Every structure is written in C-alpha cells, then in structure tokens.
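By written order: A, B, C and D. Residues from 1 in each chain.
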Amino acid sequence: MKITAEILQVLILILGAPLVRGIIARMKALLQRRQGANIWRPYAELFKLLRKEDLVPPTSSAVFRLAPIVLFGATACTTAFVPLVHASALLGSYGDFFLLVYLLALGRFFLSLGALDGGSAFGGMGASREALVSSLAEAPFLLGLVALAISASRTDLAGIVAWTLAQNIFNISVVHILVLTSLAMVALAETGRMPVDNPTTHLELTMIHEGMVLEYSGPSLALIEWAGAIKLHVMLALLIALFCPWGMASTWSGLGITLAVLLYCAKAAALLILLSVIESAVAKLRMYLVPDFLGVASAVSALAVIFTTWVKR
Amino acid sequence: MLLLVPLAIPVLGAGLILCFRNPRVATRVALLLGALEIGALGAVVWQVHARGELRQGLYLRADGLSSFFLMGIAFISGLVLVYASGYLRHMGEGRFSSPRWFYALVFLFLFTMISVCLSANLGFLWIMMEGTTLASALLVGFYNTEGALEAGWKYLVVCTVGIAFALFGTIVLYLAAVKAGMSPAAALDWVSLMDAAPRIGLDPHLVKLAFVFVIVGYGTKVGFVPMHSWLPDAHAEAPTPISALLSAVLLNCAMYAVMRYDAIVSRAVGPAFSHTLLLIFGVTSMVVAGLLILVQQNLKRLMAYSSIEHMGIIAIGLGLGGPLGLFGALLHAFNHSVAKSLLFFGAGNVRHHVHTLRIDGIRGISRSMPQTSAALLVGGLAIVGLPPFSLFISEFAILSEAFAQARYLVVILFLVVLSVVFGGFAFHFFRMLCGEPDRDAENSRLIPSEYIAMGIAGSCLLFFGARIPYLFGLLLREAMAVLQ
Amino acid sequence: MGLVGIATEKILSSFSVFLFLTILLLAVARRISTCVLLFSLQSAVITAEVLATAFQEKLVGVYVVGLLVFAIKVVAIPRAFFLLTKRLKTVRDVKASTTPTQSVFIAVAMIYLSYAAVHSYGQAVQVPDDALAAAISLILTGAFLMVSRKKALMQMLGLLVLENGIFLAALITTFGMPLVIEIGIFFDILMGLLLMGIFTFRISDTFEHLDVSKLRRLRG
Amino acid sequence: MSGVMLKTAVYGFVRLAFDFLGGGPSWAGYIVLLAGAVSGLLGVLYAIAEHDLKRLLAYHSVENIGIIYLGLGTSLVFLAHHAPVLAALALIAALLHTFNHALFKSLLFLGAGAISDATHTVDLEELGGLQRRMPITGTTFLIGCCSIVGLPLFNGFISEWLTFRSFLAGSVLTNTKAQIVLPLMVGVLALIGGLAAACFVKVFGVAFLGRSRSAEAEHAVEAPVSMRAGMTMLAAACLLIGILPGILLHPLASLGQVLIPGGGVPEETLIIARVIPWIAAIVLGTGAFAAFLRGRKRMTRTWACGLPELSSRMQYTSTVFSKPIRFVFAWVYRPDRNVGQLPADQPYFPISISYRSVRTTSYEQAMYRPFVDLIVSLAHRLRRLQTGNIQVYLLYIFLALVSLLTFLRFQK
C-alpha cells in the first residue's frame, strides 16, 4: 500500500502538472474578465506537439535534442521527493532537499545549453538571463530549506513534513513565516512567473524562459513545457507540504489517502488562485531589479536560519 | 686518541696537498684525504653513539650534540669536495690561487670547524671559531677580483670584531664561574659549567651580560640580523664550493656555539632570558632576510639571504625550546645545509655556463641546462619549505611548537615571512628557469662529479622528507638529550 | 713589602690614567704612525699592569703572558705596521670622518660611559674601578676608531685597541684565562693581523688606495 | 598542473591542521571558512567575466580550492567543538572534492588543450560550434562541465553534497556561533554553485554549441586518439564516481578515521552512496521514456525575423552572456569602460563606435597589490641599510650590542 501511495503521489505530480497550468490560465482570464480556455487545454497542446515532427536548426548539435530529455528526466525525478498525501515519498527517507534543488539545476543547465545551441540571438539572451536569475535563486532556496531542516532536526523532506504535521498549527514559529516568504519568492523566480519573468510574453526585452525555448518545436517543446509544468507543480506541492501539511493521511488506508488527495486538491486550488491574483496584480520587474528581489529573499532566508537558534530549544 | 685523528688528517693533509703541483694529482689526493676524513668522523660519531662520550685531554670532547654536527660536516664536506673536484677544472694556475692552495685552505677550514665541534673548553672554542674566520677569509678572497677582495676584507674585519665580543662574553662567564668558586680549568669547560650552573649560584647579572656579548659575537658568525652584513658579500664572491661550505657548515658551527651557551645560561638563570634573545634575533633575521630575498639581483646573494632567514628559523626553534622546537631546530640545521649546498652547486653550474650570476641575465636555463635547472628547482622547492621535502618537516615542527606555546605573533610572522620568501623564490626562479635563453648558451654537460654531488643532495632532501632514517633519528635524539 | 711591592700597588692603582691619556691622544692623532706609536705605548702600559698583577698574585703563567704581550704588542706589531706603511707608500693621514674636536668629545663621552657601566657592575666584580673603566673605554674606543677611520690600517689598529681592552678586562677581573687559552688567543690575533696585512696588500694592489669607505661595490 | 598543485597545497594543509596540530582553536576554523568563502566567490566571479578559456579554468581552480577550504574549515570547527564524526564528514567532503577537482580539472584542461590545438586559440569569442566538429572532445568536456558545476550524477555533486550536509550538521552543535555560521555557509556555497553553473553554460554553450565564430573554429578537427582516450577515461571516472560514489567514499571514510580519531564513518556517506544510483536510474528511465515519446526530426533553418540569414555575429558572445552577472556584481569587478565614437561631434550618425570594457581585477588591487607593494617597498628600504660601507656595518654590530645591554639594564 505504501509503495502504491508513493507512486500515486508521483503520478499526481507528473500527470496533474498540465492541469495546474490550465487552472492558472483560466483564473487569470477570469480575473481579466475574459472567458479563457478550458482548463484541460494544456493536455491537448501536449498531445498536439508530441505528434508533430521535431524541427532542428542545421547548425545545432546533439545537445540541442538531448537537452529536453535531460530536463524532463531531472524534473520528473524531483517528484519522487515531495510528500503529497502522506508524509513520505518514493525517495523520501534518503532524498534530501539539496538533491532536489540540484536536480532542478541539472535540468536548467541543459536547457540553457540547448538554448545556446540554437545559434540565434534569442536563445543566448534567454540563457544569459536565466543564468543570472537561477544563480541568485539557489542560495535563498537552499537557505530557506536549511532553516526548516534545522527547526525539524531532520534533513529529508518527508521527515520535515512529518515534524510539521506533528506540530499544532498555532505553534508555527517565526522561522516558518520567514521561510514561507522567501520560498514563495524563490518559487516565483524558479518557475518563471511574474514578477520575475512573464511566461506569456514574447517581447525580447522581457522574456527569459520563453527566449530559451524559442527555437524548440514539436515533441521537444512538449517535453520542455511539460517539465516546466511539473516544476511549477512540484514547487506548489512543496510549499503546501512544508507549510500546510495538515490533512495528510496518517495511515495507509485507502480512505485516508483518498481524503488526503481531495484535501490536497483543495489546498492546491487555493494556492493557484492566490498565484493568479498575484500574477494579475503585479507588474514584471525590470531585469536588473530581479537581483534585488532575490537578494531580499536571501536575506529573509538567512534571517530565518539565524532565528532557528533562538526558537529551537 | 680517536678524537685526534679527524683533527690530524686535515692539518697534515693540507701540508701534503701543497706538495703536489699538478692540479689533477692534488685533486685526487684531496678526494682521498676527504674520504679518510669522513671515515674518521664516522668512527668518532659511531664511538660517541656507542659510548655516549669521547674525551681527549682537557680540551677535546665529543658528545651527542658534537657528533650530530660532525655528521653534518662530514656529509656536506664530502659533497663539496666531490663537487669541487669538477668545479676547479675551470680554474687557472696562479700564485696562491691554484687548486692545491684551494684544497689546502679548505682542509684548514675543515680543521677549524671540526675543532669547534670537538672542543670541550669555551676558550678553545673561541680560538677555533676565530680560526674558522681566518682559514676561510683567504678562500673568500680566493679569486682576487675587486669584489672578492672587498668581500674578504669585510668578512675578516666584521667577523673578527664580532668574535672579539664573544671573547669578552667568554671572559665574563669565566669570571662568573671563578667567582662562584670553580677552578680555572673547570670554569671554561662547558660540561662542568652545565653541571654546576644550577647548583653553585653563578651571578645572574654576569651570566646574562656574558650571554649578550656571546650572542652578539657568535651571532655575527651565525649571520643574525643586524650583524649579518658580511654574509651576503662573502657568499656571493667566494668560489661556489666555499659558498656552500660557509652556508652549510660554518653557520651551523657558529649556531652550535650559540646552542652550547644557551644551554649553560638556561641552566644558570632559567631559559626565559636566553630564549627571548634567541627569539628576537631569530624573528628579526627571518623578517629582514625574508624581505631582502625579494629584491635581490644576484643569485648567490639571494641564497645568502635565504641562509640568514633559515638561521633565523633555527634560532626561533631554539628560542621556543621544548622537545619539538629543539627537534625542529637541529633537524632544520641539517636539512638547510643539504638544501643550500644543492642550490649553491646549481648556482655554480649556472655561473660557468651563463657567465653571470645576475638573475635578470639568466633566462630559460630549463632549456639550456636541464639537469642544473632540475637541481635548482628541487632545491628551491625544498628551501621554501614545501612538502614533500625535509625542510617542511622541520619548519613544521618549529611552527607547531610555537602553536603549542601559543606564541601567535611568532606564528604569524613566521607564516608571513614564509609566504613572502615563497613569493620571492617563485618570482626569481620562474624568471630564470622559464623563457627563451638570451643567446645560444653553451651546450652544458654535467660531469659525473657534479651529477653525484647534486644527486645525493637532492635525493637526501626527498628521502628525509619521506622519513627520517633510524640511525639519524637516534643521533638527533642523543643531540637533543645533551641540550635538555 | 719591598719597593717592588709598592711599585706594583702604584701601577695597578694609577696606571689607568695613562691608558685614558692614550685614548684621548688616539682620538686626535692625525697620522697613522702616531697612532701606531700610541698603541705601542698603550700596550707597554698594559704589559706593566700584567707584570704587576703577576707579581702580586704570584702567578707564573701571567708572567709569561706579560712577556708575550710585550713581545707581540709593544715590539712586533708596531714594527710590522711601520714596515707595512713604508711598503704600501700610502698617504699617512688617518682620514677620519669626524673632526678632532668631535673625536675628543666622543672619547670623553665613552670614558664617562665606561665609568657608568662599571658603577652598575663594579660591586659584582670587586676590582679597581679605574682599571675596569679603562678596559671598557679601550673597547669602546677601538670600536669608535674602526667606525670612524677610513684607512684599512686604522681599522686594524682599532681592532687591536679593542682587543687590548678585552685583554685588560680579563686580566683585572680574573687574572687572565688559562695559559694555553691565552696563547691560543694571541696566536689568533697574530694570524688575523697577518691576514689583514695580506688583504691590505692586495687591496692596495687592486684598488690603488686603502680607503675602506670606498669599498662599496657590494651592497643591497 | 593546476589539479596537482592544488592537491599539494591541500595535502600540506591537511597535514598541518589535522596531523600535526590536531585541530586547534575554533577561530582558526572560521578563518579557513572565511578564506574559502572569499576565494570561492571571487574565483567564480572572475571566471565568469573571463573569456580566455585557460584563464577562466584557472579562476575556477581558485573557486574549487575555496570549496575545499570550506570543507576543511568546517571540519576544523567541528573538531574544535569535539564533534569528531561530523569533522570526519567535512574532512571527507573536502578530500573527495580535492580528488574530484583533480579529475575534472584535468579533463577540462585537456579539453582546452584540444581546442587550442584544433583552433589555435582559447579565446571563447573565436570559438563556437565545436561540438559537431569534435564530438568526443565536446561530450567529455560537457561531462567535465557538469562535474565542476556539481550537478547530480556527476562527481562534483557528491563532494558538494557532503559539504552541504556538513554545514547543515553545524546546527547540532551547542555553540551558537557555529549554529549560525555553518548553516549560513550553505547560502555561500549555493551561490558559488549557481554562479559556476552560469559560467559553464557560457563556456560550453559558446565554445561548443551554436555557430562557429571564426574560420579556425569552422574547420576544427577532432583531437588525436591519445588525447581522446585520456579525456574519455577521465570523463568515465567522473561519471563513475558521480553515479556510484560508494567506491571512493569507503576508502576515504577510513582515511578520515585515521586523521580524526573517533571519527567513525558518517552516515551521510552511506546515504549518498545508496541514493545516487536510484536517482540515476530514475533520471535515465524517464529520459528514455521522453526520448521514446519523441518522433522524427527535420532540419530546418531558424526563422531570422525576416532577415535573409542568421549569422554567427548575431549569436550571444561570451562577454554578452556574462553581462547581466557582471552588471549585478559590478562592485566586485569595478570595470573600466569607455565608449569611443567617430566622428565625435555627430552623435546620431556615427561611422564607428568602439567599446572597451576592462575589468580592473579589483581583488588583486584591493587585497594583494597594496600588500605586495608595501612588502616590496619595505624590502627596498631595508636594502638601503646594506650600504656597502664596512664602517656602517660595524656600527650596526655596536648598536645591536648597545641596545641589548640597554635591554639587559632595564630587564630586571
């Protein structure tokens, strides 16, 4: 039962990822007083892309085709770390957050290479900007998780979640508030959402992620889009698991897990609504204000780490 | 009687060599005598090891400390004689400047240095120490060029003045001993002085006064800053084998004298006073010489300053005291002499083939003279104290003793100077070894004697860095036992 | 106590004055030959003190030392110096870097310093103040001559004066070291002077002067 | 050379710190940590700004020695606070990183050598598109890049992960300073890692991918067999350690036990050895699945926004790529920029514009230069003391004597 539940978590994260995108798109449309597309549309798009042929620039090398595969593999692998319906995960007891963050980095590294391999100006532009954002985002990401790990005295994500579960909701310390703030900021940056990056733009002055994938088409683009969606979903699930895990199944009974899945869906929906509101309400930051944004996140994370020494014991 | 043999061989040998006008024969005889001398010294060392002490009359005695230094003398002088046998092929025949005169003076020089280590009496020690100056002054001025004469004169005058102060210090110590009731014969004998020092109540003022004069006096010969001024001149202008002997043996002998006095004074008035002075001189020498290394333009002067720096290191080891400091100081004395001989041998080869010792005139010798460059590189890496060479171990021992005693100022200065010296050596050696040779340098071929001398020295450095041979360790421990 | 006894007393107690006198004269002397003469005189005074000590303490070894001092320092060395100056044909001037007035003042200051030093150590040693002060001021003067006189010969002479001081100090504090050691020391000094002589010859051959302050090729 | 030299330095340091001194006070550990952090950050920042491949790699050596020193410093701190197991963990991390660094840095330098042989330049601005010309060199170089960046499945990650974990373990100490400082180092190392990733995206992307920027790069030929064999072996070693770290961690753990008594085998080494193969399996599995999903490919020219043809001059160059990061960290680089325009009096119709940006290597200027200048000027001043005048020398001796006598006088 345990293994089934854990595989279920992975499947939810991977297969549910496009839905997350669909929901956000729909929510934003509603907020903008538009009808908006069906929330299942991303699935249709994926299928459409997967059935097309792959267009490859003649000047590119094997890396161009390899990059989406590695990106997808690495991103999919991170889903095995995140507890969703129960405080455990496929690689829960071993896989710690350093691995998670670095697996994301692995994917990003290859995606950037693929972008450069396209040989056009846009790919380089996107890769260069992505390099800036991601290199600055890694520190607050890890520091925030470190603060949580110290509070929980555990290093694996499942353990941290289990510890949080055991706490009363009103016992949550200032550390959690700080970390929540910084991780939310990091999540926005990592997944390329507003105000760091605008996922819907194709204006060369502003695009980051879109610049990188501009040369991709067909199945490769599908993999990239899917991986992006999975990443977004993982970050969402991570935020939920770390800061609002209550309601997760405590046993392996089918009922408990079903309930937990439903509860997760509710929490995710709430978070998605919040995200849509944020995306609609804020303007994109100027490129060179992004380091300040992430600097604030780093400072908050560092503060959280320092606070752990007072809160603990 | 055994003690007389190593003293008799060089004196008689010096006379013998002068009888042979043919340079090749003189060289052969010198090598033979050198081998005999090394054998005699080996026998002495072995007997001391077996019996603990050897004595001969009132004035000669050998114990663990002497035999440790005698071993160093034997090793280095052997290397130097081998190297010199090839080196002198470039030397012409002139009045007082022919190979036979060279060897005769070298043996006299050796005689005085061996006597220093074998003397039982502080007065005799002084006489022989002055003898080293006299015997080597002519060697320093051997080439009879303007520079050599200038260096020789300065060497002679500065060292004689310095050592006159040591005589005064000896007299003051003698006075203190006599006043405390020792017989005139015993009052200069350092074993009886060391035995008596804690008991009979030597006047502490006089003892301290004596040590001040002695450390200034013998410190002049050791090359402590600010009495070091003769050292770079003499090392740079002397024939290269002599530079090696001066740096590797003479300085150690002077240090040996300082050690003896330090041991006596430490017993009489406690170690704080003499150790403080040693530390002051050691650190000053290290810092000043280390800085001066950076701005040298002459290869041999560079090495001379490096010798001053290393004497400073040894003095710091002595000044720190403690088993580790003492161990480091003694080991470093030996290691430094090996490394410095190797470097001087390399410098000698460079001089012969590039015809200059100016560092900016030496370019790209790694192409034109690869073996010599290898020797210089090994010597350079060793002398700056990099692992896996033996100097690393001894510097390390001294440094860890300083750490253990929480003398952080010494530690910091030590480390800073080491890195400055490293920078200096790297800078100079890089410029010499790399780059294009200026013109088509002569095709340099090493002759076997040079190979042998440099090879032995280099492998010794590496070998001692890996592990200290058992027998050597035993001798080292016996030497330490004498001082503690 | 006969006449000789009284003489020894007198010598030991008051001959130091002569030593001070030679010091002052050495400071103002302009010619090398005068300096050598003064050194010879100084050594003669010291010989007298040695012999007096030997008589007083009845030490045979010290007599021998006294004779050696006389033979070497009063006769042999000055003689050698005269020969040297003749052979070298150098200018006879000492070439001081201080004026005579300055030199005298410095010499007086040194004598004062010696007395000051003796006062801080005199009690410990229990010897006549004057003699010890004279010994120390000889050492200082020797040093001063070496630093301030530019001629190679004068440096040798300064060294000898310095050595005289050390010798005198040893004599009055400890009645000299054991004989063998004393002889060894004399031998060393002789050899040292011989070597310095050789060097002065070579220097004057090569450089055609004897001004050591001009030997400044090696520096830095 | 770089790898071996650094190994010697680290060897010396380890001998010093652990063998001889047996740890030492905790402030020593903090100093080492600080040194590691500073050299790591500066190394990687200077590397990013560099477009000479060999110099860039050399700066990365500085960065990596910084990472190693972070591990060593942590180990010293643990040792000072009597936590031998954790000290062993950090030490193992540092040692492993030393070893790894030797591997991947040799690989990268070999690659740089191959590039230099093939194109006669190591200037990134002249390269490009080499992956198609030199596939073996490119692939192995890519593995080297991934390793040095510390991506999972490559060996650099293992040691960085261990270092991260030892920082994190700092929180269990009872000392507040260590509790704060060590976990914060996670941020430093993460920043270093992120910047390194950015840097090697640039290196590989600009040198091997896209279009060739010069004729030499256009006609480059693959490196000779011997070189390829060497690079392949090194790359294989990087991958092997990256995927099966256990083979190296077990011997290292026993070495740690020798250096730190009571160290034992930290459980983290066991964890990473067990989990990494699983990760590799999953990544490869999903990657294979993804590759299976994908169908035919077709070569087609990239749309050039209506222009007739894309040219290599439109690509991002190395300098432009690093521009954002250089902009953000301008306070580190202190660039000296000047823009020249011809003719100067007609700003709107320039004939030519020249742009020059020089990084005035600020850490050399700010940290080393004054120090070196001070030392050298001191040395020159000291040199003047050696006047050559023997009378002055004698005076020195007398002065030394007099000052010692004065010292003696006032000593009691």
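Here is the rule we go by: contacts are C-beta pairs under 8 Å (C-beta built on N, C-alpha and C of every residue); 3 or more make two chains touch, one makes a residue touch a chain.
Not measured: the values here are computed from a predicted model.
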Handout entry: Topological distance between chain A and chain C, in contact steps
Key = 2
Exercise for the section: Could you find the chain whose CA centre sits the greatest distance from that of chain C? Expected result: A
Problem - Chain pair bearing the highest count of C-beta contacts - result: A-D
Handout entry: Per-chain CA centroid nearest to the all-protein CA mean
Key = D
Practice task
Let me have the rounded angstrom distance from the C-alpha centre of chain A over to the C-alpha centre of chain D, please.
Solution key: 29
Handout entry: Whole-Å gap separating chain B and chain C, where each centre is the average of the chain's CA atoms
Key = 32
Completion exercise
The distance between the C-alpha centres of chain B and chain D, rounded to whole Å, is 43
Problem - Centroid spacing, where centroids are CA-atom means, of chain A and chain B in whole angstrom - result: 70
Problem - Sequence positions of chain C contacting 2 or more other chains - result: 143, 146, 155, 212, 215, 217-218, 220
Problem - Numbers and ranges of chain B residues touching at least 2 other chains - result: 153-154, 157, 161, 209, 232, 295
Completion exercise
Flagged in chain D as touching 2+ other chains are 383, 386, 390, 394
Problem - Which chain pairs touch, all of them - result: A-D, B-C, B-D, C-D
Fill in the blank from the handout: chain B residues touching chain D in their complex are 153-154, 157-158, 161-162, 165, 208-209, 212-213, 215-216, 220, 226-227, 229-230, 232, 273, 277, 288, 291-292, 294-295, 386-387, 392, 396, 400, 403, 420, 423
Problem - chain D residues touching chain A - in the complex, by the definition given at the top - result: 129, 131-132, 135, 138, 142, 146, 149-153, 157, 161, 164-165, 167-168, 171-172, 176, 179-180, 183-184, 186-188, 190-191, 193-195, 197-198, 200-202, 204-206, 208-211, 271, 274-275, 278-279, 282-287, 290-291, 293-302, 304, 310, 312, 314-316, 320-325, 327-328
Problem - Contacting residues of chain A [partner chain D, same complex] - result: 50-65, 68-70, 72-74, 76-77, 80, 91, 94-96, 98-99, 101-103, 105-106, 108-109, 112-113, 115-121, 123-125, 127-129, 131-132, 134-143, 146-147, 149-150, 153, 155, 215, 218-220, 222-223, 287-288, 291, 298, 301-302, 305-306, 308-309
Exercise for the section: Can you check the complex and tell me which residues of chain C touch chain B? Expected result: 121, 124-125, 139, 143, 146, 152, 155, 159, 162-163, 166, 169-170, 173-174, 177-178, 180-181, 184-185, 187-188, 191-192, 195-196, 198-199, 202-203, 206-207, 212, 215, 217-218, 220
Handout entry: chain C partner contacts - residues on chain B that touch it in the complex
Key = 59, 121, 123-124, 126-127, 130-131, 133-134, 137-138, 141, 144-147, 149-154, 156-157, 160-161, 164, 167-168, 171-172, 174-175, 178-179, 184-185, 188, 203, 205-206, 209, 232-233, 236-237, 295-297, 301
